[in-house]
Amino acid sequence: MQVSLDPSNPRPVPADVAPVLHLDGITKTFPGVKALSEVSLSLYPGQVTALVGENGAGKSTIVKTLTGILQPNAGTITLDGQAVVFPTAQHATDAGITAIHQETVLFDELSVAENIFIGHQPRTRFGLIDWAAMRARAREILDRIDADLDPDMPLHELGIASKHLVAIARALSVDARVVIMDEPTAALSHKEIEELYELVERLKSEGRAILFISHKFDEIFRIADRYTVFRDGQHVGEGLIAEIDEGELVRLMVGRSVDQIFPPRDHRVGDEVLAVSGYSHPTEFQDISFTLRKGEILGFYGLVGAGRSEVMQALFGVTKPSGGEIRIDGTAHQVRSPSDAIDAGIVYVPEERGRQGAVIGLPIFQNVTLPSLAQTSRRGFLKLSEEFALTREYTERLDLRAASLDQDVGNLSGGNQQKVVIAKWLATKPRVIILDEPTKGIDIGSKAAVHAFMAELAAQGLAVIMVSSEIPEVLGMSDRVIVMREGLIAAELTGDELTPETLVRHAAGIGA
Amino acid sequence: QDTVRIALVVKALGIGFFEAAAKGAEEAAEELGNVEIIYTGPTDTTAEGQIEVINSLIAQQVDAIAVSANDTDALVPVLKKAMDRGITVISWDSGVAPEGRQLHLNPSSNALIGNMIIKLAADELPDGGKVALLSATTTSTNQNTWIEEMNKVMGDYPGIEVVATVYGDDLADKSYREATGLMQTYPDLDAIIAPTSVGIVAAARAVEDAGKVGEVNVTGLGLPSEMAGAIESGASKSFAIWNPIDLGYSAAYLAYELATGDAEAGPGAEIPMGRMGTLTLDDNGEGAMADPFVYDASNIEEFKSIF
Amino acid sequence: MTDAASPRHVPDRLQSPAARLLKSWEVLLLAVAVAIFIANSLASPYFLNAWNLSDATFNFTEKAMIAFAMALLIISGEIDLSVASIIALASTAMGAAVQMGAGTPELVAIGLLTGLLCGAFNGVLVTGLGLPSIVVTIGTMSLFRGISYIVLGDQAYRGYPSGFSYFGQGYVWWVISFEFVLFAVLAVIYGVLLHKTNFGRMVYAIGNNATGAAFSGIKVARVKFILFLLTGLMSGIAAICLTARLGSTRPSIAFGWELEVVTMVVLGGVSILGGSGTIPGVVIAAFVMGLVTFGLGLLNVPGIVMSIFIGLLLIGVIALPRLWQKWRP
Amino acid sequence: MTAFLKSREAILLGAIAVLLVLIASRFPAFVEPSNLARVFTDTSPLIILALGQTVVILTRCIDLSVAANLALTGMVCAMLNAAMPGVPLAAILLLAVAMGAVMGAINGVMVWKLSIPPIVVTLGTMTIYRGLIFVISDGAWVNAHEMSPAFTGFPRFDILGLPVLAWIAILVTALFFVMIARTPLGRAFYAVGGNPGAAVYTGIDVGRTQFMAFVISGALAGLTGYLWVARYSVAYVDIAGGFELEVVAACVIGGISIAGGAGTILGTLLGALFLGIVKNALPVVNISPFWQMAISGTAIIVAVAFNARSSRSKGRIILKSAEGHA
């Protein structure tokens, strides 16, 4: 199988269908970033086009240009052979283009029905919102996607997966010719993902054109008819899925082949460092007990909402547990706040990097020294030279790419922000480091670097807990895996038990 | 001789009463020839605002400051400083504690005013009745002095009972609400006495709105221009005020006399004030200008366009 | 540690601190202050006079003392609108103590303590119960001054001991007043606290991202509580100075000051959204406001017209850089 | 219905009922319909302004300039009437609304186009608008006798036992109920305040919606400016000084979240009525008016603590001191 890297020589398009939507020469720049550079994209009725590319390749940006949220600097959008412009999201909706965006586009204080219809509510003759019609139509759409939700329920009473269903219902509330899905399965459970695939099939059969963005190769190969690849804001290839294989697609995405994703590990582990027993929380989790050894990587797997993050945040003192005990090296520690945890030697690299991890607005060095100020200061007075020295020590170990150490972390790419957060914790010389979804939203290239680094930390004797929802990552990195389901430990797996099948079975509660 | 610069500092700019006083001061300046009047004051009735204004007057090295004070005591330090720098300081209308000024010019004597406000109410109530007081800002001195003086002479008006004293803060809306509240609380109220020009107008308006014209008589101290409507509607039968033009005139005249060294303030001193005669100071360094003047339907037309 | 293996060298700084300073808000503001100073000396012959300038400082010293603490509070993402009411309550407490025969040391202690208590009350409501500070302090603004009204009504407390007046009327040397010295000392203390200590660093971290700061082990609630305490304490100090300057207490004392203090802080370049701002900026803003009011006062411009200038200045200095950014090619 | 019984509005309604019973026990005349009508009339300006403020706060903004806007518009109307008594009332009403809307639009444009924080914008315009009154009037008052009878009579003109002022408050409230529940703009206020980032994706222009909120708030402040001046038959620089905080207080007591996106029109109405009843009851039940300030301060604190408590249970993150106001 051969794929041309020359975009001027695209694969032949099936002769019988003409694209319903065609973008050409789209360029979009942000201050300092050229997010898209003369890219093209075509969508065909009754076909699914997968858009693939590394993080920051510009996938979401093209979705936003296509839906009127961003205005391109140059380029044309052709809909049914007519040139169109979308000054606002409303115009795109009116033209029959609808999207499930990567960000949650929902409103907690509004009801399910309103969330589905906000921006294009059904109206009465007098131009007022017709609530009865809105409820009825919401009901209809929810039924279509098998979502058993009350249209009048306020959104904040729903779980995270149900919210996602509302987002999907919202996209379907417009009778659209073009449906865009930007990483729609990222927050869904196994069952809901299957239902989504069915929905995609149905939309296809109704003749709608679908743009499907995903980082998950299995699903791309399962549902897509065509692919388009972006790399660093440029169009680098497109064609029929039938004519390409996974390795080839990865090579297109990253511009090189990624042969080995997981670093080799020496699985020898040392003495027990951490022992957690009977940790409980009134609503989130119960009776969590496990141990962790020096040099070990302990994986935590579970479906979204299983309560893994909550357990980790409780260990780190962010959330208050209702009972249980933590021992470090055999000594009991009361962890009531993050500073207690840090003192005890437990640190936490959170899942939500921008909100919980990095302090955006502060320079890199101030982020790194934030928990170590006592160490870099004299009697409470700052010593900048020591702060820079400490920062340099750890950021160099992590190979941080930045213009300067007094640059705002907000200007760094996601992977480098993650390095700053990890450097911050290493500077406190922890015993246990918890990484919550450490590669979430990080592209394949940086992922490998994070994995290598995690292996190195373990090799240096740190005890590592890794929370991850990606089965390959869990299997590839962990010495041992704890599977959580609905706030409880469902299983603890080692050695031969570590197969994708056992993980999924325990996580979903399907009898083993 | 150089121009004598006299600053007329009022409680707050924009109050009709003080605008009229400024007119009087200008009249005195014209009469005296080499006088420049600086009419100034804060924009709300606070002591801090007056202090800032007085500080800038000290900086300008004016020759005299004549102030109607928002606070008896709070102005003392800054006025002392002014006197230390050789500036003549007098207070008028609303006084400053004796150590903060050379003399104080009362528009009338407090005793006369105190008697006048209750007499105006009592004259309309030959068989006695219930009256209530609607006072002004909680931080101004003169209303409280007058009410005190009024209480001293209550014995002279047997059938009259004062049922309540409320404060309208010299705000139109608050005074209005307080007056309405009074009529609610005391359905058989006969009169509201408001010894403040803001309060009396608001009270008259409240009586009109409550449909109690003829039942409740509003009286006290007010300006003819503002009260003309109330006299016409009958909400107020009569009210009193001294002439603010005369007051401003006298204040400017006194300040001039002291600033030029033509007169000396002290107990018993007699200081000329042009067409208003002379001011005789008591032991507190205070003097009274004249009797309050009563306005009613018979003379309101004549005065309403003047002040 | 020399790490030759490091593939990439990241410099500490791209810009020297001096270069950064030159482009800063403070320099812009300083230029405004100098311009106003020159304009004033041209407009009025009385302006350039040591005593007059000394008198002018009273227009802002007390407010600026509160503004220092308020700056930290606003940088941390909170606000305290009750400061003027704390002055009223502290002054009332001191006045009541005078009636019971308290001397100057007791009065000072009572003033400071009342300020601290009010600050603690705000702090508990905001950090303990997790309520939004803007609403809480609108509430306590009414409550604190309301208590003064209940206690004093239309009365006034006076009769402060003569030694007490030094705090508001005393001069340390020639034209240098006690208040001005206190203002300068507090400016230095707050400057050091914010810019040179761990505590100051935490304040910035919290203001930029309170959640991230908490996840870095900073005791966010405790830091914010201390900031409310400091703001209360500064209001107590301002209450002592103002009461000593006025020599009397009425419940309407310092009415409306909270907005002037906030204006001073914002004019000083502190982001109302938190996370950025400096004490030197606030100091310059205090001088700018003092110079504008004093200069216009010399021309006998009414205070309310001055406030138009302050309002225009406030919006202008924030809008102009944004307009410039917007319209430049 | 049961949901309503548990809502903030029901609790506030209960609090008002308890308050009225307490007052009635000392002073029965207070709860006579005629007096309640009078209290409502007296509270009308607060209700109108608080409704305007509600939409502003819903969009995560705040408008501190309403009272200054009211006073400036009121002064212009009064001066116009004094100078040209012949100008018809309809024209004056139109002028008041338009002028207020323009001042609101000035706030809105700075928030929308320059992204200056609303509190800074309105703090600035508050002093500017207030100062302009002094500039145009030279500090002079406009008094009752300078105003025409039609001008001062309109707000107090009686229709079916209620003055026009009260009817206007009722009308504005009714319009707000319709606007908030039944128009896309009304829903957009919630969307913009609840999740501004997401609002963009639904085709709602966040800045423009905030601008509209300011225009509405300004227009109502302008309308109230005329009504206020006509009702009290006087216009001067300081009218309604500090009223902006009372307006914000009414919203907060009514359960409008200062963080935006949450709250109801009914809540605001009840919040304003609560303050109005307290204010009118104090002189009647013989509590010194000096207590009023402390009481409304306490009411604000209790209300906000209560609102926070009732919405707390939803949050899953327990480190609330960091999360609550990040």
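First chain written, first letter: the chains are A, B, C and D, and each begins at residue 1.
Methods note: a residue touches a chain if its C-beta (ideal position, glycine included) is under 8 Å from a C-beta of that chain, and two chains touch if they have at least 3 such contacts.
Here's who's who by UniProt: A = Sugar ABC transporter ATP-binding protein; C = Autoinducer 2 import system permease protein LsrD; D = ABC transporter permease.
Fair warning: this is a prediction, and the values are worked out from it, not measured in the lab.
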Any chain in contact with subunit C as well as subunit D (ABC transporter permease): A, B
Given subunit A and subunit C, the chains that contact each of them: D
Whole-Å gap separating subunit A and subunit D (ABC transporter permease), where each centre is the average of the chain's CA atoms: 44
Between subunit B and subunit A, distance of the C-alpha-averaged centres to the nearest whole Å: 74
Inter-centroid spacing, subunit C versus subunit B (mean Cα positions, whole Å): 37
Multi-chain contact residues (two or more partners), subunit C: 149, 153, 209, 211, 213-215, 251, 302, 304
Multi-chain contact sites of subunit B, meaning residues that touch two or more partners: 13, 43-44, 138, 167
Two or more partner chains touched - positions in subunit D (ABC transporter permease): 134, 139, 237, 290, 319, 326
Which chain pairs touch, all of them: A-C, A-D, B-C, B-D, C-D
Partner subunit C, residues of subunit A touching it in the complex: 316, 318, 337-339, 341-342, 348, 350, 355-362, 365-367, 370-371, 373-374, 377, 380-382, 388, 392-393, 395-397, 399-407, 424
Complex interface listing, subunit A residues touching subunit D (ABC transporter permease): 67-69, 88-93, 101, 103-110, 114, 118-121, 127-129, 131, 156-157, 283-284, 310, 318-320, 355
Complex interface listing, subunit D (ABC transporter permease) residues touching subunit C: 62, 110, 113-117, 119-121, 123-128, 130-135, 139, 237, 242, 245, 248-249, 252, 258-259, 288, 290-301, 304-305, 308, 312, 319-326
Subunit D (ABC transporter permease) residues touching subunit B - in the complex, by the definition given at the top: 27, 29-30, 35, 38, 42, 134, 137-141, 143-145, 156, 228, 232-234, 236-241, 279-280, 282-284, 286, 289-290
Touching residues on subunit B, where the partner in the complex is subunit D (ABC transporter permease): 12-16, 19, 43-44, 138, 166-167, 171-173, 176-178, 180-182, 184-185, 187, 201-202, 205, 209, 225-226, 228-230, 304
